[in-house]
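Next come two complexes built around subunit A: one with subunit B, the other with subunit C.
Our next item is the complex of A and B:
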């Protein structure tokens, strides 16, 4: 993406926040919603618009682990790692996903198609274990269901995905 | 027009709208988080498509969570004048069969029926009201959950909503309102059980121009989803409760604070606020009373400690969610230095009914000093995981066995994990504990946010402790070193024990670390961060002993796979580093 186009998207995300209270954090979240990540240009833009230093913005951005600083994979898989899901077999499910994606922890597949994250609770504990793919929740996730889900995303490759 | 007259006309319009709906068949689909995870959106799409292609005169509606998460996706069909018939675990393929059955009046033919709800009976289907799962509940805050369309304020109003607000604005002074809450005995549902009326009183004395009501829906406790469930299912009861809190405390602004990424609750909350503005129930001069109140949704990034009241204020101001020193207390200097009152979602969800029906009515429900109900999320190894609202005074055994149906995998209950990770675990004898703040704390239990996770004898206490400690380590905000370093040291030690490489001195080492954390941490995260281990040792020291002395897991459930999330790594923020030749001062 050309620098100008990227910056324009950032500016739009920051300036078009609908809620009255606009802060460093709300601006970063708006940019993340727009781009899926926080480029250096975003840090600069938020710093100047909020009249704080870039250091202050980095401090906030690096504190909340939902922010990332390189473009994410096209698809996002989140596996719940919370206590209910843990009791219902989340660790085994994680290994299944690792194997299917060729990863050994959180991260992006080599082809950039999928990003894997662990979630501390997806909020559907009554359906544990829970995984989500591009923000669609899948409860009572069996190993087979997870295999199928990952295979589907890999087949979709860089098409579709969770980014708006 | 008086406040009462203005409200009456809003109520009349809402009731007329709902009455017009009642002449049609209504089909409701639960699409809150549990329903979503069970596939409810696919069912909803199938129903809408099939109803349209048949030209069916039926309203297909989204509703929230009625609490029977085990039976999701739940679809209920209500013929005009009849009760609601609930089909459980519905698949999209089943949709045509359901519509056929409804059309032919042979309701039983369409799949597994959970029961009916409401006046009347249909096709001799059992009534949900007659089962223990419903009878043992007292649904006050969740009264509308799964029944009203959370996206339509008129349904909430027609069900008695905003009448409490109208009453508080027309007939009651601020003092009377606070007295009403005090007399109800309502205590905070966010963990500390502090009397809500007393807390509200702290703000009253201040005549600063800006005062805030903060609604805490951070809900970081894994295993609990009742705050999100309430906001998703009946957001207006929370919005109304917040406006009433504003009126009582003299605040002029409210924030609902939710974690980014939980789109369902976030969207519902935003929509509810907009609709309340449209009806004149928020904004300038509400219902002509002279009282003005504004509200918005504020989001936080992923952070458990952001749910702590002072850290939450930092996050609203857009900073890192690290707790502040107290004093000054939030009631003196909260958000942007202004007096702020903070309540949990559930606490505020009771307020409309307490005001409408009176504090005395509420105070008669419950047990001793624990008034009203507890909204519980029962999950884990039980037959009927769900969100249930029960009066205080039941035993944990009644809740686990009579409501949640006991252990699903067979065998006995080994432990309960209550009150989020910081709450720790309880042993099997805890089934006799009465749901009551005082009795529970005497028994070493924390009700906290209402999550109760059940585990059977197949589970090793070391394994679950590992999960909780790994969570607490991951979520330490890092401000207090005893918490930041202590949690890491505890996790290292526990992973050693779980993988059978522990040392004899490890238990004492952990106790020393835990004590230091308790003494040297600013907020509950570090102060209580040793609870998962201390409580596990209290009830299940034997599990630790087997790992340490026999070099094996007593149940075989410790996988010794320690996959856990990682915080932002230094290499991930490469953009921060100054490039060669660019100078040495940090970027301004």
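Our next item is the complex of A and C:
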């Protein structure tokens, strides 16, 4: 059953945390790393393992914008809008990506193939402006390169992708 | 003794206790510092920033609720900077809170009859806030004198008011995010049914993913409502009503003895019940019954006049005629032919007079509370420890190193007694629950022992055996205060751990762990109700528990002892007052049998109770003469020869005794409804008509009689009772012997299947679904029945098959789960929310009188 497989992944993520102190937050981070999002089953699992209520877990999870509560798209596009990239024209790239994906801001495409996120620094300012697709960096990105990148991801559809 | 700390607040030198905060010191010394998030007894939080002060030589303007006092500190609460700061803080709070109630120019002009003209927006009107004029925010704005001349704009959150759950309305448009509700739920109740959700600009009170309170673990105690400073959280009943008086009295729904402030409106209705924060018994806490179960007082269906049966019909009569009719008939049924049933909500005065009336006036010992009040739970305590009552204070259990809860559904039936137990557990104390059923506390328990029903004494015997075998007993205590350890040890010969494990179905290692945790805790309390233990087994189990407490030295020291949880608010008081059948009389249940068989020919029922089922009423119709005093018409009152209207607890004066023997005042909050009278008045009038000239009288006169007749109550003086109550002293007798246990009974292998119902505050989300219908939340659940894998395979049942449990015409169907720990037991756990919905929507006049308990019963189990 798919549910059981999901739960097994959650349990593994929670129980195999390397650090000595396991908390609600560390468990949520481990699950986010494993699944890319926090399903209801994860809230239940963390609550029972940390002897707190689901409300307490939700209080922590909903505090951080880093956690997602719905599955991410198959592919992840991140556009850097840090100061350097901004100066080098990140805004134009962003608009281009919005148009290509049919989005107004961060979010998932309707077909679930691509998730767009803004990033404040991808750590490659020397290559600005930078865009990343499934954690692969594209430096000195031009509008055309971004178009091609997005078109490639859309063509791959729900195949491949960044999911672990 | 630590020295008090001296500091100066606004030029006045005050003393504070070490560890206090500046705000607490100010409150203790009658200096007002405005605050909105602090609440006495809860940890400082520092959310609202209203209580900021200046400290000479210090930096900035710290919040006084988080600032510890220090010697020589000079605090200024009134400086210009402080005032400006407070004004800004309030303006920020008001930037998200509708405040037409403060800015409308008609505030001084509107009278109670005026219809709101359109001076402010709809959501701003003072009349759309249920807390209008009892709002702490409004009071604070007025105190701080914020300039409201130019109306401040505010951001209306535009959230739907939550009205789907039982009992509460929640309007988070009015929330000021002080987190009092979240903190009281966590710190005082240990429930965490609500939490602060999201962050900064959007933070609000909520539940996990917005689920209903029905599934978030809420016990509907209403503590969050009582601490809410604004109109966000309110009781749905009488939401818009305003109180004119408040009377402190004692709750009548169980024997914990919670002190409750009843708010009364100008029409004489009890509109709200609020726990008393100064009470040593409940520290402001109530439960779903005490908070939301007092509406019966206001019911339109209350009986208002006496009725007499004439030509087969009940017709209205005067009190004079009714009392005369009773007085003329009763003398024919003196001695054993008369039985008296007293309401389980009686005062001590009523209980005292009932006992006296039956014995002295009617010459009958058949007098009892009309509830199975489980005398067997205290009889061994009276016999062995000097007083038939709890040996300690329930509230003290919060410091216990271990609490053993034996077959008691504390959260539902003695709710507030569960609070110190949960607190002890939170503070690191061990919680051991012995119960076949899944009850709320079994979820918190470090060790949950699920014995086969009826094997509780074997289980306790097994724990004793482990303690003695491992030398964990308290030898000093036994030498000094107790004895009989050799005889006890000898009697435990048959209680070898494997035999006990076999008889109880509880693993040997679990029994041993429980024994060690209890014996090594330092201080350990035993809370027991023995809900599912057969009547003749209750005393032996209690005896075994007394042995457990004595052997480990857990009697007569703080945070330890034995706490019998008996049904009926009057159970302890009635026992102390001699309102019980004793050896020569018939208990309530025995009286009903005797009536059915014709031995008892006349009966007087003072107050309805759950005892009066259809069968019991049918038995009562066999009497020659049958008097009922009740609040509401029912099957019972229909059958009466004489029917008298009864006052509710809110109309009575008297004293009640809690299970840990606090003698507490019951005070009349409203006038008697119609011509209703309290039971003590009826007994007094009747006795005087029957020739007992100086019988009874006013509750204060009767109390005087009680003080003389019952030595333990000599301390229950009017002054002591007015000061908040007096605990009847219990002291450890010089010696309390250990007694041998009876031989262990082996498990009867041919017993029928037993059904163990359970009820908890939250279940995994996958098992329940909350659906909305007609604006109300309802619970849809897939019933699951749990049984032992061996039983399942014997019946050919696989997990997921539909099975059916049947008893007495009732049937439950559910999906089989083969994870049960006990052979011969099938169990099912439901959500407390279902009970809350049923009580909220009940058509009964007095639904809390018959809250369905969790009864283990024999059933047939079959594959459907």
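To be clear about the criterion, the second predicted complex is superposed on the first by the 163 of 164 C-alpha atoms of A that agree within 3 Å, B and C clash if a C-alpha of one lies under 4 Å from a C-alpha of the other, contacts with A are read in each partner's own complex, and residues count from 1 in each chain.
In this section, a contact is a pair of C-beta atoms (placed from the backbone, for glycine too) under 8 Å apart; a residue touches a chain by one contact, two chains touch by 3 or more.
Just so it is clear, the structure is predicted and the values come from calculations on it, not from any experiment.
A.B. asks: State whether A:83 touches subunit B only (first), subunit C only (second), both chains, or neither.
C.D. replies: first
A.B. asks: A:37 in the overlay: touching subunit B, subunit C, both, or neither? Say first, second, both or neither.
C.D. replies: Touch partners of A:37: none, neither subunit B nor subunit C.
A.B. asks: In the overlay, answer first, second, both or neither for which of subunit B and subunit C A:137 touches.
C.D. replies: After superposing on A, A:137 lies in contact with subunit B but is clear of subunit C.
A.B. asks: Could you tell me if A:29 is touching subunit B, subunit C, both of them or neither one (first, second, both, neither)?
C.D. replies: Only subunit B is touched by A:29; subunit C is not.
A.B. asks: Going by the contact rule set out at the top, does A:68 touch subunit B (first), subunit C (second), both, or neither?
C.D. replies: In the superposition, A:68 touches subunit B alone.
A.B. asks: Decide which partner touches more residues of subunit A, taking subunit B and subunit C as the two options.
C.D. replies: The partner making contact with more of subunit A's residues is B.
A.B. asks: Going by the contact rule set out at the top, does A:59 touch subunit B (first), subunit C (second), both, or neither?
C.D. replies: A:59 sits against subunit B and subunit C alike.
A.B. asks: After the superposition on A, what does A:118 contact: first (subunit B), second (subunit C), both or neither?
C.D. replies: A:118: touches subunit B, not subunit C.
A.B. asks: Following superposition on chain A, which residues of subunit A contact subunit B and also contact subunit C?
C.D. replies: Looking at subunit A, the two contact sets intersect at 40, 43, 53-55, 58-59, 62-64, 69.
A.B. asks: Help me check something: in the complex, which residues belonging to subunit A touch subunit C?
C.D. replies: Listed in rising order, the residues are 40, 43-44, 52-59, 62-64, 69.
A.B. asks: Within the complex, which stretch of subunit C touches subunit A?
C.D. replies: Per the touch definition, subunit C meets subunit A at residues 191-199, 206-209, 211, 216-217, 762, 764-765.
A.B. asks: For the complex, give me every residue of subunit A touching subunit B.
C.D. replies: Interface residues on the subunit A side: 19-21, 23-29, 32, 39-40, 43, 50, 53-55, 58-70, 81-84, 86-88, 91-92, 94-95, 98, 105-106, 117-128, 130, 135-140.
A.B. asks: Under the definition above, what is the set of subunit B residues touching subunit A in their complex?
C.D. replies: Residues 33-34, 36-39, 41, 69-70, 72, 219-225, 228, 255, 260-263, 294, 296-304, 315-321, 377, 379-381, 385-387, 417, 421, 451, 453, 455, 459, 463-464, 467-468, 471, 474-475, 477, 559, 561, 563-568, 572-576, 586-588.
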